[in-house]
């Protein structure tokens, strides 16, 4: 009961159940203490919840009721388009023509044999492998740095979020300039210094272009990793880290044994989100290369957009977008399982 | 947190200030470039003889252009309305979902949790076409509601997950005490748990706000007509003319579209982080 | 050639309510001539789904209605202002509430596509080639306006008919196009001994080699971009005797020995004469490079020249404008060609103000209005019919003459086939462009062309 006694608000008296919202600030302070008592009280909670409650009070019923608003939005605005998308991928539908036929898995088979699509799948894999681990690594490093208190740390934390805040439609234009083979200030400065004699071909060579895209993607993604992991780090008990340090544990040992276990769930979840975002990325590639040169940077999003919007073959385009869905869904479920599983033990 | 054994200045420099400095330079470098371009006269932009990162004759011309030749303030207003609206809707939905998943043990809970995640896997680049049909059926085309109701589809999954984790960390004792005293579940939730969860809600809100603020494709296709453009859509539509980019105003818009948000964040960022903390450490 | 099979197909189309595209597919499958079937179908007064809406000539009451127009952002601000003013003037006269939206042109198709799917959105849309074909079912039949209009202006050019009509039937009204010519710096060419712009591709590469050695290479975008890269690659392909497809629309004619030779020449030329970073360029890169004095020549619309002539504060560069001229595309062994496609305005079938939209377009395409619009654009758009070419805006600056000359040697995308869905798919997949990009990357002309032929086979040969 120490959590409750730590509160200075009047919930202990029987009559005043209305908590003023203003109290949340006070309550916040005691949140950590409360958290530690959670496990102990879970059983008691269940006993109360059972039995004498009306239908509306029953957890199971209430839980489902609580799902309704969110799921209404999701089903209306995502469910229908999603199932329509699956259906379209099984047809030869063209956007502007009312007549179309069911063609089974023909679109998927055609794609499998299409060298551009194979290239697109490879590029998407490069894009994922070339960005997610780096975003994780840099994000973790940045989070460890930002986890300290130092002068203006708040402004650093907010300022370093900027890449994530700037609308991608505009920041990708900034990258377009930086990577431009004509306008790039990077090339220009290096030329002025005499280090190169021709502008760097950032986006005009297969691997240069892929690396450039990865850099821009990492730039945009690091802050999200950093801020999420930073949040995880705050839950790491400082005393334990210090105790380990006093015991002579190395920096790495401290990280591995004390810090990482605490932040593991968020690292996994953030990684999962990032993988999804990266694989379905569109805007950055669309602005910088549109999949060129010679399809060497096409990702699923840009290829689907081209086939669906420009050539108006939306049946085929739906198949491109949904190609990875089964694998992604399976991966997501497995990862979620492992996170959840670890949590309940 | 002060890691033991780092009190010497060179250690602080090597392990802290140096890496931090590198991050600052690398992360803010493109941003600095945007700033420079937004203040550069057009003539200097093409000048091959000078260092492009230096501003010789800074000018506010591009910012003036933005306010005088485009309806930037209207775009800004639209963006704010849409983003605040979508954030509110997404938060309201996510609080309920997060609460149910985080605090109730019920049959199907895990399935629902996973299903919400799966909703994230649906790629928006293509599905905006069928979605256009839905938006039009509901008569939302070119109204704020078109975005306020469609953005939550990509906001709810993460926000629900985050809030679920947060709700899990809040003690059951308080709520139980309230229930014993005759409060209903809903009363207990509204009066006890929600106030306690405020940091988590704030975090989820900031997350939603940012993603809504950045969105381009839905805003282009479902709204984007007349005075209903958002900042990214308006800027890209009006400042890229055929094969000519108006770099200065484009970058000026990027700065104006992000710096105010960043400043606002500097006040909330610690809340955001602490709000995430709870959600973060619980699956 | 009045085949019974044609009659059968027409009645089949009628009973099954085929779309025009399906009729054409059936016709091809049955080995019938597409134009003949098309004519028979029109003669039988069959209106495919989406084409059924015919409207009375007399304008209905427009007062109090609304019109929304969707187009791409103009390069020439005065042209956009002129259009806005015309729309407003017509709206005021007729008591119609008018509005217009401009989007960056690569985003135009996303907006049109979503509007079609949603069956709501703009009443009038701007269409580039070959979109009239792709969206035909959703565009109102405007033969009654476009037909007389073309005749009055001296008859639409052949390239206009091929790219803006669907088998000769008008679903949108063409007004012309912005197109490419060689923009070059005469003084640089003179420095390497070329008094005039080279007349053949090989000569251009030779001169270009000297220019590149001088530090002013030729510039050409070869990346994924829908504007500049096709103007060069399609032109070069045709100049060396290859085509995407034969006239039947199914036989791919890409892998020709002449073309392999030509590609070999180009691979060397690319190294010798061009800025090799062009593989990454988008449509704006060559403008920037040219205006910052990095290039001696590039293919582009007149936007480079017009921008250079503009006020310095807006990026004008008078010294470059003075030293800029334009030239026709060079020719190859098979002749001189360029890719050209008409732009047009169409009315959407879902619009609830089709009469109003028609009325506005009739007003806008009237000789006076269209003339003032061409003039406001300073010669950026070349007209769709010959009578307008005598306007002062096209004749007073001789430097712009090559742009008008394009109409004499332009071909449609998908030539020698029609400008249809297959041509659109090939274009959207950048097959021709990527063939060139692969060739210069791998240095293997034969391999690149085989790759392209294989891709085209998938698109056309079904």
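Should a chain be cited, it is by its letter among A, B and C, assigned in written order, with residues numbered from 1 in that chain.
We take it that a residue touches a chain if its C-beta (ideal position, glycine included) is under 8 Å from a C-beta of that chain, and two chains touch if they have at least 3 such contacts.
All of these numbers come straight from a predicted model, not from anything done at the bench.
*Asks:* Which of line, ring, star, complete and other names the graph you get from chains that touch?
*Replies:* Looks like everything touches everything, fully connected.
*Asks:* Is the number of contacting C-beta pairs greater for A-B or for B-C?
*Replies:* A-B
*Asks:* For chain B, which other chain has the most distant CA centre?
*Replies:* It is C whose centre lies farthest from that of chain B.
*Asks:* If you average the Cα atoms of chain B and of chain C to get two centres, how far apart are those centres in Å?
*Replies:* Taking the average C-alpha coordinate of chain B and of chain C, the gap between them is 39 Å.
*Asks:* Averaging only over C-alpha atoms, locate the centres of chain A and chain B and give their separation in whole Å.
*Replies:* 12
*Asks:* Give me the residues of chain B that touch two or more other chains.
*Replies:* Residue numbers touching two or more other chains: 48, 128-130, 133, 217, 236, 245.
*Asks:* Out of chain C, which residues touch more than one other chain, so two or more?
*Replies:* Residue numbers touching two or more other chains: 110, 113, 117, 288, 292, 294.
*Asks:* For chain A, which residues are shared contacts with two or more other chains?
*Replies:* In chain A, 95, 183, 305, 308, 314 touch at least two other chains.
*Asks:* Of all residues in chain A, which touch chain C in the complex?
*Replies:* Within the complex, chain A touches chain C at residues 94-99, 110, 114-116, 176, 179-183, 198-199, 201-206, 209, 289-295, 305-314.
*Asks:* Mind pulling up the chain C residues that touch chain B in the complex?
*Replies:* The contact residues of chain C facing chain B are 68, 70, 72-75, 77, 99, 101-105, 107, 110-111, 113-115, 117-122, 178, 227-228, 283-284, 287-288, 291-294, 300-301, 303, 307, 312-315, 317.
*Asks:* Can you list the chain C residues touching chain A in their complex?
*Replies:* 18-19, 21-22, 49-50, 109-110, 113, 116-117, 134-138, 222-226, 275-282, 285-286, 288-289, 292, 294, 421, 424-425, 427-430, 433-434, 437-438, 441, 451, 454-455, 458
*Asks:* Please name which positions on chain B make contact with chain C in the complex.
*Replies:* Residue list for chain B touching chain C: 41-43, 46-48, 61, 128-130, 132-133, 135-136, 141, 217, 220-222, 224-226, 236-238, 240-245.
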